[in-house]
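Multiple structures are listed underneath, in structure tokens.
Okay, so chain A shows up in both of these, paired with chain B first and chain C after.
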Partner chain A sequence: MSSIYLQALLSGIASGAVYGLIALGLSLQFGVMKIINFAHGSFLMMAMYVSYALATQAGLHPLVTAPLTAVALFVVGYACQRWLIDAIYRKEISREPIGVLIFTTGLWIFLDYGFLALVGPDSRSVDSPWANDVLVMGDLIFTYPQLAGLLVAAVITAALVAFLRYTRTGRAIRATGQDREAAGVLGIDSARVYQLSFAIGLGVLGVAGALLLPLYPANPFVGDIFGMRAFVIVVLGGIGSVAGAFWGGIIVGVLESVGSQLIPVTYAEALIFLLFLAVMYFRPSGLFGVENE
Partner chain B sequence: MNKHRRLQLKAGLVGALAASALLGASLVHAADPVRIGYLIPLSGSAAASIGKDMSRATHLAVKHINESGGIKSMGGAPLELVEVDTRGDAKVAITEVERLITREKTPVLLGAFQSGVTFPATAAAEKYRTPWVVDLAAKADITERGFKYVFRPTQVPASSNADSMADFISFAGKATGKPAKTVAMVYENTDWGQDMANTLRAKFKAAGIEVVLDEGYPPNSPDLRPLVLKVKGKKPDVVTVTAYAADAVQLHKLLAQMQVGAMAYVGSAAGQIDSNFIPLVGKGIASQVFTTNGWAGYESSITTPFAKRFWDEFVATNKVDPNELSVSAYAAVWVIKDALERAGKADPEAIRDALAKTRIEGTDLTKLIGYDIVIDDKGQNPKKRYVMQQITADGEYRTIWPENLASKSYRMVWPANAPKP
Partner chain C sequence: MMSKHTLPAGARVALIAAVAAAPLLSDNQYLLSVAVITLLYAYLALSWNILGGIAGQLSLGHAAYFGLGAYTSTWLFVHLGLSPWLGMWAGAAVAVAASVVVGLSCLQLRGAYFALATIATAMVIKTLVENADSLLGGPRGMEVTLLRDAPLYFQHTRKEFYYAVALAFVCAAWFVNRQILRSRFGYYLAALRNDQEAALALGVPTTRYKLLAAMLSAGLTALGGTFYAQFVLYISPDKVLGPNLGVVIAVVCIIGGRGTLWGPVVGALLLLPGEELARTLSGGLVGVDMMLYGLLLMLVIRWEPRGLMAIFARWRERGRPAGAGAATVRAAEGSQ
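Then we have the complex of A and B:
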């Protein structure tokens, strides 16, 4: 029986790492641009279909599709910021970017139904033996996509944290996030920083989509399921905190997995949102966020 | 010159008028089509792929009825579907019901597959005194409200599906000498899932099978692994899975991956008989899964030219085999056709009265669906029974219970071998 709890804990960490990776881009975008990208789940859905197309049409291994999906989503993110969001953002330079928020909501619905029209409502998943193979260690069982998800999510989070902390571009991104005007005075081109941040956010999401596909089949509305979770994680981990998103994801994953062993599964789902409300109330900057005041 | 041209023009006008009069006359003689308001989920998550399957069959029935001369008592009036996508949303469905009745003037409604949608939407139609033929929604209460305009010829309450699951599990134990002592019940936390669970719980108790896990889960959960782990911890002999396609696929994959090791996995039709189920889980995992089915399949049912025509054309256009859902959808239109023949006019009251007196026995249609249709005073056809099937290693569904409908070429495997991912 105790092995069930250990399995639940470890499975929860593995699922949570992927949740964290999904939330990471959202957190970065919010931290730097102060915009909430409601289309985040839809971009995840797009990433899953890109990965699916690469796996089935080009016959690539699900893991090999990850870097390619990342590049594709990076380009989508760059283009989206440069030619769509930037124009709206500029008009609202002096006030809260509400227009962008509404725009991404529209984009969310547009993408979901656009994909519905394009690919149909059927669920699709990769037909790879790797996706169902298991690794048995004593009483514990893991699938390869679970292990890959945990490992890749951890590496990417660490790499992104290092990039933001130690590179010149990374510091420029953080500086713009902290104070755009001051950063501008110091010669940082905020428009370029935004394009880059949005593109990086979606690039990371591309990897997440490719990792998720062997675990959960893609359908045009799959983004709604994981997008909602990503918002919870971003708030839990601390808005704008990259490492916080990762740990926030793991907390949600473990809570869901271990909690489900102790109470009915439906309540475990509610428990996640209860934690979300509690964090919002007692610590609005998130568990790993820095107080702004 | 001028005058000449005007004359020509006049002659032309007269000719055109005459022609249009003739055309008009012929239009008057050809009967107006009977419009059927059809509500079905075509988008929005899990139920949409079933909705699509059903919609194709419904359209095929309309085509076949029209090709064979339409409604003869109404001068060969053809049927016409006014199809709307409910998106699986009750609010959308209620709005569409009102629009179909008041704007589109459809005298009869058909649909809407899901119980959660059909239950409130039929109440809206009842208010407008417009008859509704329920195609597949299984919630018992749909025909338990004393409604006068709601008929369910091709579906029985969910409890009947659950009855068959529990009865089969007892039967298999007796037939093989390896009875199941414990069961884990996993079901989606919805109207339908809970209806099923209520019946299963009572039946297992009566049969002396201990329920070691009784767990509803929210549909479309991001991760069902915790639930499957919980099942594994209880070491059940049998696991019952009540889910639609997307969740059923996840659950059966995880049950195999996590090596839960039960004697049998028994599905409640829906997800396990969805045309996407076997392609998505793979034959290794699907093999030897048990599932109820509201239809006994090719071997037992395709015995007449009428049935063959349905089967062949459905397969030709859709590239998948028909299933209970498509057969029921197909049959429901024929039930409307039967009522229209007796009503003789496209009037909601007349159609209602005809539907209430429906009695279709021993025809080509009943051979196709495997049961007679006799509407009782609740609007229900109580004659339908669920069969139990097992999926073969080749990904075929074979009926194994009840014995009179069982396949002659396939023998049940119980306990089932462990599924191989």
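Then we have the complex of A and C:
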């Protein structure tokens, strides 16, 4: 009996780490630019289709598609910030960028339904022997995609934390997030920082999409579920906190998998949103405080 | 901002009469149902405008109120035989109660957080309804008991009936919007939309007024939910509580012009027939209608963030000679 809960706990941690990775880019964009990117889930959906195309058309191993998907999404993110969002963002840089929020809402609908028109509503999953292989440890069973997801998510989170803390570019990104004008006085080009943050955010999302595909089939609306969850995680972990996103992801993953052992799965979904509303109301700075400010 | 009428009263009455009589021109039931849906969305956008436009609180979860209205009146009708004409007020009451709960917990959140909280709340309500299998039919939804020609029970086989009711709904919501824009309440809302701290410092009780706007907006939206249930005669969580609906209601108003009197109507007149046209022209390709919404929303926010009404306002300005005095004279002349 107790091993069921232990299994649920460990599986929750594994999928939660991938959720955290999904939320990481969102948190970075939110922290640096103070914008909410409602199209985040749609970009994840796009990443899953890129990974799917690489795995089925080019016959690549699901894990090998991860760096390639990351590069593709990095380019998409750079272009998106430079040619679409920047012009709207500049107009309202001194107040809350609600225009960007509405713009990305349009992008979200456009991408979701664009993919629906393009590839149809069917769910697609990668069919590789690796994706179905399991590791048995006593009573506990893990699939290889679960283990790979946990490991890669942890490594990328640690790498990004180190990048933001110790490199010149990383410090420029953090400085711009804290005080754009002061950073500008010190010679930091905020436009480039924003392009880079957006691109890094989507690059990380590309990896997350490739890790998620063996765990969850892709369809045009897959981003809606994980996108909303990413917002929950960002709020739980503290907006702008990269490490917070990782832990927030694990909380949501565990809540979902242990919760669905205790109550019907559909209620577990509502539980996640209720937690979100509660945190937003009682602790808007997140469960772990804010790292950046 | 406030719209100045340049049409004489007689012409206005004639215009409304012409719109009301429009269904007599054609017997095409398909066109008529497009017209009914267009009017419904104009009504919903006008309802949303009170909270999302005039008060500037970006709600993306109005589907929750729409669904609560539809489910309440339908349940009362199917199980207790209560006419939806009465049940719709119960639905509005439920939605207003829900908006108070949501408002007290979420309205203190700022812009983006508020938008997120409204989506999350709508998701919670949708999940609860989907799980209420025995009470509300769960994910399968509910069918409205068919009575055919029963106008006293908000039902008729002819679409002209729904057209007339929808037009009356739009006129009522437009009137409510106009009264708000002209009242002290409206000025308070505009003040807190433009600068909440400044409004608070000047003594405007911002949370109370935001809550009032939310209640009014939610109640009106719920009445639209009852209308939808009676028009389509079938409701399900996906149709009346889906996240798309909440976004579309907001998009119609934003594209037309947030916080303006005619913006919500203009948005609906453009988007709903446009959606229908896109669906026909693309040969029924699934998703094209929603792509259009997304694309137009991006274009409007990029080039005309205050909506299409801003373009009309500019045309009007251009037609006038420079100088405020001359403009006033022209406006006065125009209204005679």
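In this section, the second predicted complex is superposed on the first by the 290 of 293 C-alpha atoms of A that agree within 3 Å, B and C clash if a C-alpha of one lies under 4 Å from a C-alpha of the other, contacts with A are read in each partner's own complex, and residues count from 1 in each chain.
Convention: a residue touches a chain if its C-beta (ideal position, glycine included) is under 8 Å from a C-beta of that chain, and two chains touch if they have at least 3 such contacts.
Computed from a prediction, not measured in an experiment: that's the story for all the values here.
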| item | value |
| --- | --- |
| Combined model on chain A where chain B meets chain C, clash or fit | clash |
| Chain B versus chain C as contact partner of A:Leu147, first or second or both or neither | neither |
| First, second, both or neither for A:Ile36, with chain B first and chain C second | second |
| First, second, both or neither for A:Glu256, with chain B first and chain C second | first |
| Contacts of A:Ile102 with chain B and chain C, given as first, second, both or neither | second |
| First, second, both or neither for A:Pro121, with chain B first and chain C second | both |
| Which of chain B and chain C A:Tyr216 touches, first, second, both or neither | first |
| Which of chain B and chain C A:Ala158 touches, first, second, both or neither | neither |
| Chain B versus chain C as contact partner of A:Glu269, first or second or both or neither | both |
| Partner chain(s) touched by A:Leu135 [first = chain B, second = chain C, both, neither] | neither |
| Location of chain B clashes with chain C - one stretch out of 4-12, 58-66, 76-84 or 94-102 | 94-102 |
| Residues of chain A at both interfaces, chain B in one complex, chain C in the other | 113, 116, 121, 220, 264, 266, 269 |
| Complex contact set, residues of chain C against chain A | 58, 60, 105-106, 109-113, 115-117, 119-121, 123-124, 127-128, 130-131, 243-244, 247, 251, 254, 285-291, 293-298, 301-302, 305 |
| Residues of chain A that touch chain C when the two form their complex | 36, 84, 87-88, 91, 96, 98-99, 101-103, 105-114, 116-117, 121, 220, 224, 228, 231-232, 235, 264, 266-267, 269-270, 273-274, 276-277, 280-281, 284 |
| Sites on chain B touched by chain A in the complex | 42-45, 48-49, 51-52, 189, 215-218, 220-223, 225-227, 229-230, 232-233, 245-246, 249-250, 253, 256-259, 276, 280, 282, 284-285, 421 |
| Chain B-facing residues of chain A, complex | 1, 4, 7-8, 11-12, 15, 19, 113, 116, 120-125, 127, 132-134, 136, 141, 143, 215-217, 219-221, 225-226, 229, 253, 256-261, 264-266, 268-269 |
